[in-house]
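Heads up, the thing below is written out as structure tokens.
Each chain carries a letter (A, B, C, D and E) given by its place in the written order, and its residues are counted from 1.
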């Protein structure tokens, strides 16, 4: 059953990814991207990462992609479309290099067994499931997040602050005095 | 399934890479980068199943970072659009050699 | 005192410099954005930031001399390696801020945001230096990067700045993807993101090679991008060239330092057990970087861009320290980065002065006869250049020497030879600036440039300080060098013994 | 301080002589040096004044005023003065030594010159019979020539400079002959070369003259190269360069005919050939006539050029150990004698004739030294010094007079070309007479000096040709025949010189004739003194075979064989070795037989006949003037006229190739290969830099692509390596 | 009286070496703070004072057993085992004295030549003096290296700022050429540092390093490249003519007299003692001798066809240094001493030649030989000095040049006869290049009107040349004081090389082989103590 779902999600994710790369309009790319994100969220569920799947859909597909959409709209890029996809030798080269990279990168992935070579893999999975039972899907993430990884969490807060500042600084229109 | 998930992740990742290489539109390039991040996230989630909750935490952070990057990146794109009235990266070659 | 993280307050203590600086950064930010002013005003924020950096440095000093940690498992390291690096970050940030003061005013940049971004980026670096967990490294890296992306594109009126920002951002995010994939694979392979745990897993043979091998390679690529190793350096010249010059100085010094510090910790501590897997790859990257960086720098006609390539070349030198993977080389890395920060920012300060706080007059011809019109500045620049070239009598030489000692200890003779031969190449382009300054007579443009080049007092102070440090470090390097050596000791901890014989 | 002075003048006795203490031997050397210093300072002062005038666009005339400036009067006394004192001191020592029956050389060491743990060379001088003869010749003839120069150079602007050089020359010449080892000798050896260089190019503004000086120096250096190598080998063999040790130990070190000693002696011969203008290194000497004529007399006739002979004689022991070298020395000598004599037949420049004559006579000396007739060689050296100095000085007087005469009529004819002379005997009586004496002397007419010395050389050649064990007997016979022929040639070309110069119709312009006049007393007195020596100088060594005969005045001469006995301590060892190696010399001439007396008679008669015939034949012949005789001769005469084309051959085979090679080295190896490589490394780096920067297209896609490519490579390397 | 003299001597010896190194730096500060016009005088008097101080060494220096005297060592960079260590031996004492003599002379000789930016110029000159003196006095390899490199900077600027038309090309070429060698040497130094295992950069520690033959050969190559470029040895010489031609007079003087000596000094001080095995490796010896000989003849030939007088003299430097090289690699006492004397002699005579050429240039603004002619008529003093110097340069007996070349050749002949024979032809070629120049400059017709105003030597110029000419003659006539001071140290070097003599080497002097006859073989081996080392090396 899971395998079927996995294949399904995988196919959609792949199709979406290809669509992102080759579709003619930014909006279409964006929509393909949403499809991919959603499929990947589905795979998260297959790996019992329900909380992340939810976040994926909400934050990623929901918020971030909308931000992209806004910007595309803002810059009015949907209409004066120009072929921004490279063809010819360049894409062939790119394809070859990327294909080879994939081959090199993934050449051992098929050998990975279902527990990722981990002797205690099954136990870990079971423990995780147990924790989910006990703390809920958000709880298993939240608990370490605010204890062991609180530093990272705080750091993330700082990062978001910086991102806000940076975005504001950069996106603010130029002051009149500065224009020549 | 783990190996397949990793393979899928790798495929998604390289597709994103290909997009970065062959697209001219800065926003699409950025979108492809997001695709790569997603692929990584997939790998994290798949691996975390048999390794521990850290992987999921990592994905959580990556998503946040992706959001932050999206904000900054799009701001940068807006900023440069104001100069060039385009987001075609081929046009941005004042700096070279 | 000894930190054992028995109470979460220990985290605050362990991160005291970061905490101080974070609070200070927010203070600067709030004051900066709340007091509406015309852009370009607000030098006081710069001075404020300096004060914050000073406080952080003091806090860092307290940690350095007054605090130790128990064990090496914690996510945040309180070792001297990190703390020494912290000083380098703080110094780099402080010097960059001082040379920014006039620039920000002249270019009418938003002072509050500018300085706070520098501070936040510095915090990111400090986290990178402190991290014993790939997660923290990643977050620190992003914190730093996002800040620096913004800084690079900060000058919105300058399309070169915007272009540099975009390129840096796109490629930076792209490379982050590789780094992340690497982290994921290493995580999968070793079962943890904690560096000590990774090392432990490798040592006990629990790491899965199928995942580790590409993971380590991708990690190397990710760090290689940040430290601009060839062929991951492509962004560097353009970004350094387009960014506002003080930001370029900040990047060249501090960003590189942070990346190297994390790089070294991950590879030399965390991945020491798989040294065989990565040293050849890094060896080649270092060699190519030294050659390409120096050779391409030779062809540059813009001083700023030349310094960008030179920074690539220095990245190659520093990579040798990572490959050497011993305490001597680690100390060399720390010392070199300190010295590099000082001399590089000094050189950029002159570049800013010559360009009269703008982005013009970067051509080498603009330096013709500059030395004779501005003898003090000319001498300073010459000292910086000689130090960058690694000439005896300057701290740059001492640093390079320590580096070579490390390489020699690891018996990396070929790499050492490549290092010195490419150094010869670097003499050419460093001296080229010197010959334009002293041996050519300037035309009218160059005269006008020299006449306009009048750095503010603060820059003068920085220049004198930098020159003083360089000469002091070149002639009496003892104390600082020993501090660096002391800071490098014990970094490798338990794995040191196991990897002592790993060197080829 | 006193001790320093005394050390400098008398030296520290190294080897206590039995019963003779030399008198201030160091002073003999120092005096000319002192003269050099004083004259040098004067010369610099004069040159300073002169240069100020030149800078102002005028020529300085020191004689314009009523009084000569002190710079041009003091050298008159200082130059010859120091020579006189030196000569007197030398003579005093001679007298002392004469009475002392010295068997060992007296060595005076002044300071340690070069001292390392293996090489010890002292600044030491050696007084023995040989050096004493040389000292007397050098100081004596030198003094006369100095005196002559006072007249000859009277009107020269560089008068003090001239005397400075001349004194310096004598200093070095004395170092050469008095040095107690090869190293010391080498100082003098190169030093006289330097002075020769300076004096040949004395009129340095004349390109040809300074060229000649340069040529002399460089050719001499080729010889010096041989000398140096010989010294190295001697040092290698003996660990020292001192004469005393080397000659004492030579027999123990080397077998007769050994390779090392042959090499050493041949190399020494190379040095001697350079200095003494032996074929093929003789080419510099005729050119050296560019110097003032007294210089030619002193340096290029009487003293310096004989240094080679002196050296061979000095090294007699070594040569005796190397019969091959002896044969080579003799062969070179006789060949030189012949070639130079033939060339002299066709020369028109009076000094050139004398120059070739000198070369030829030096060849005789080498023949003598080569066949082991060391005494004869030195004897001929001495007599030659007398009559050749006389000839040169006489020629100088002629040139002086000619020059004066031509100058008066503003003629630019060559004052040295004999074709422009003729009939001078009426106007220059004394010169004419003394030059005839010298000519007869050099021609070997009895009883003049040249007869005895030359005859002895020729005879010894014949005698050693017949030595029973001489492997080169046949060769020696050939030498003997050639020597005899050359002696006849000598008589001929010298007579030709006399006839063309003094006899016949004068070919000088009419206006100029009246300005011809005899030289002043200061010049003629030395001539006369030298003429006296040329007449009687040969009587100090009448060979025993002749002494009782008519040719020896029936034994009436007081000093028969004196020189032979005098030099006995020097030549004794060598002679003994030679006899041991080659056997006793024969008593009859080869081929035709006949003893020494017979052949002496034959040769003097033949020479007299040649002279007489030449005078008869050439006397009435009308000689075309230089202007009329524009076309050079062809055929054999052309070959002789062109000096066997030695200069041309050397130019084509050595000078031009070396120059071409030098240019090639510079323009190709240095500029193209080495610098080309160096620069192309630099250019390549810059090109590579430029090429590398081309990757920096400014396009983000490219950067991403390169990055990915890097990823591929790194991943590939990590996974597959 | 004697007591007080002795105590003065002790006092003097305590600080003299440090004073020689650092006083010029004080002078530099003084120069920088004095008015531009006075800078030259200030610089001159400082360097003259240093010279006067250094003169004491002539008397107080005690060759002793040939080791270092007046040694002092202070830890400098303790973590590396680097010390500030100075010492003096019979080799360096003359180099130091040469430095202290030449510097004031070069400064005095530059008064007319350098008319712009004087303060900077004289400051650089004094900096150069510190560097050169340091090179000759350092007994710590690191310190040596620092000084060795330090000399590059001032020279680079002196050539590049005050030089001629192609000054920048020349300066950069000089800099890069020399840097290539010295940086490779740096790597080699590190190698020895780790091989010695003493954790010290002191000379003694380096001597103690135990290096296999293979290692020695590699290290030798690195050191030889560094010093060979500096010397310069034949195919590495092309920086020299350019640098000399473009450099201002004092720059040329210092370059020829002192900087080149750093190379040959390096051979004597480091190459032979540190790599005794490689230094006598037959191939190495053959190559070095061949290069030395090639330099002698090749440089002489090239010099002979130079139209530029300065370039000509520059090439003669290569030839002279060739004599040093063959002397050194003859590995005999005479050869080494000869090499040292050539170094001194060349320093004096070539320095003087460059000064003379500089005077010519000051007067006529030309260095081309063909622009002169007949100068002897208008400038007799100049001509006299020129001729004497030229003669010293071509090694006329009685001048310093002869002593050096003679000893070097005779020393070479002892072990390598053929080399010496070929090298001795250099005697001929020396005349072949030098005399034509002398002739074309001083002699011939004074046919160029602008040469008529060629001024004779001024008093200052006489003061400049006087000591040099005197020294040429002194060394030529009475070199014993020099030889006896250097001999013990030369012996030390030689013993070190001999001590490591391997059986493979067949270049021993004939007489020595005879001495070590078959019967006494064991005895002589025991006496020299080489048995163990030999066996180990194999």
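One rule holds for everything that comes next: contacts are C-beta pairs under 8 Å (C-beta built on N, C-alpha and C of every residue); 3 or more make two chains touch, one makes a residue touch a chain.
Here the structure is a predicted model, which is why all the values come from computation and not from measurement.
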| item | value |
| --- | --- |
| Third chains touching both subunit C and subunit A | B, D |
| Intersection of the contact lists for subunit B and subunit C | A, D |
| Pair sharing more residue contacts (C-beta pairs) when D-E is set against C-D | D-E |
| Most central chain, Cα average position | E |
| Chain centre separation (subunit B, subunit D; CA means) in Å | 96 |
| Between subunit B and subunit A, distance of the C-alpha-averaged centres to the nearest whole Å | 7 |
| Rounded Å distance, subunit C centre to subunit E centre (Cα mean) | 43 |
| Centre distance in Å when subunit A and subunit E are each reduced to the mean of their C-alpha atoms | 70 |
| Touching two or more other chains - residue numbers and ranges from subunit B | 6, 13, 16-17, 20-24, 26, 29-30, 47, 51-52, 54, 57, 61, 65, 68-69, 72, 76-77, 79, 82, 89, 92-96 |
| Residues of subunit C touching at least two other chains | 135, 139, 142, 146, 149-150, 153, 156, 165-167, 170, 174, 188, 191, 213-214, 218, 237-238, 428 |
| Subunit D residues counted as touching two or more neighbouring chains | 682, 693, 696, 698, 700-701, 704-705, 708-709, 711, 715, 719 |
| Which pairs of chains touch, using the document's own definition | A-B, A-C, A-D, B-C, B-D, C-D, C-E, D-E |
| Subunit D-touching residues of subunit A, taken from the complex the two chains share | 86, 90, 93-94, 97-98, 100-101, 104-105, 107-108 |
| In the complex with subunit E, residue positions of subunit C that touch it | 372, 386, 391-393, 397-398, 401-402, 404-405, 408-409, 413, 416-417, 420-421, 423-424, 427-428, 431-432, 434-435, 438-440, 477-478, 481-482, 485 |
| Subunit C to subunit B touching residues, read off their complex | 135, 138-139, 142, 146, 149-150, 153, 156, 159-160, 162-167, 169-170, 173-174, 176-177, 180-181, 183-185, 187-188, 191-193, 237-239, 241-242 |
| Of subunit C, residues touching subunit A in the complex | 8, 11, 15, 22, 26, 29, 38-39, 75-76, 108, 110, 113, 116-117, 120-121, 123-124, 127, 133, 135-136, 139-140, 142-143, 146-147, 149-150, 153-154, 156-157, 165, 188-189, 191, 208-211, 213-214, 218 |
| Complex contacts: residues of subunit D adjacent to subunit E | 43-44, 47-48, 50-51, 54-55, 57, 111-119, 123, 183, 186-187, 189-191, 194, 197, 201, 204-207, 210-211, 213-214, 217-218, 221-222, 224-225, 228-229, 231-233, 235-236, 239, 658-659, 661-663, 665-666, 669-670, 674-675, 678, 682 |
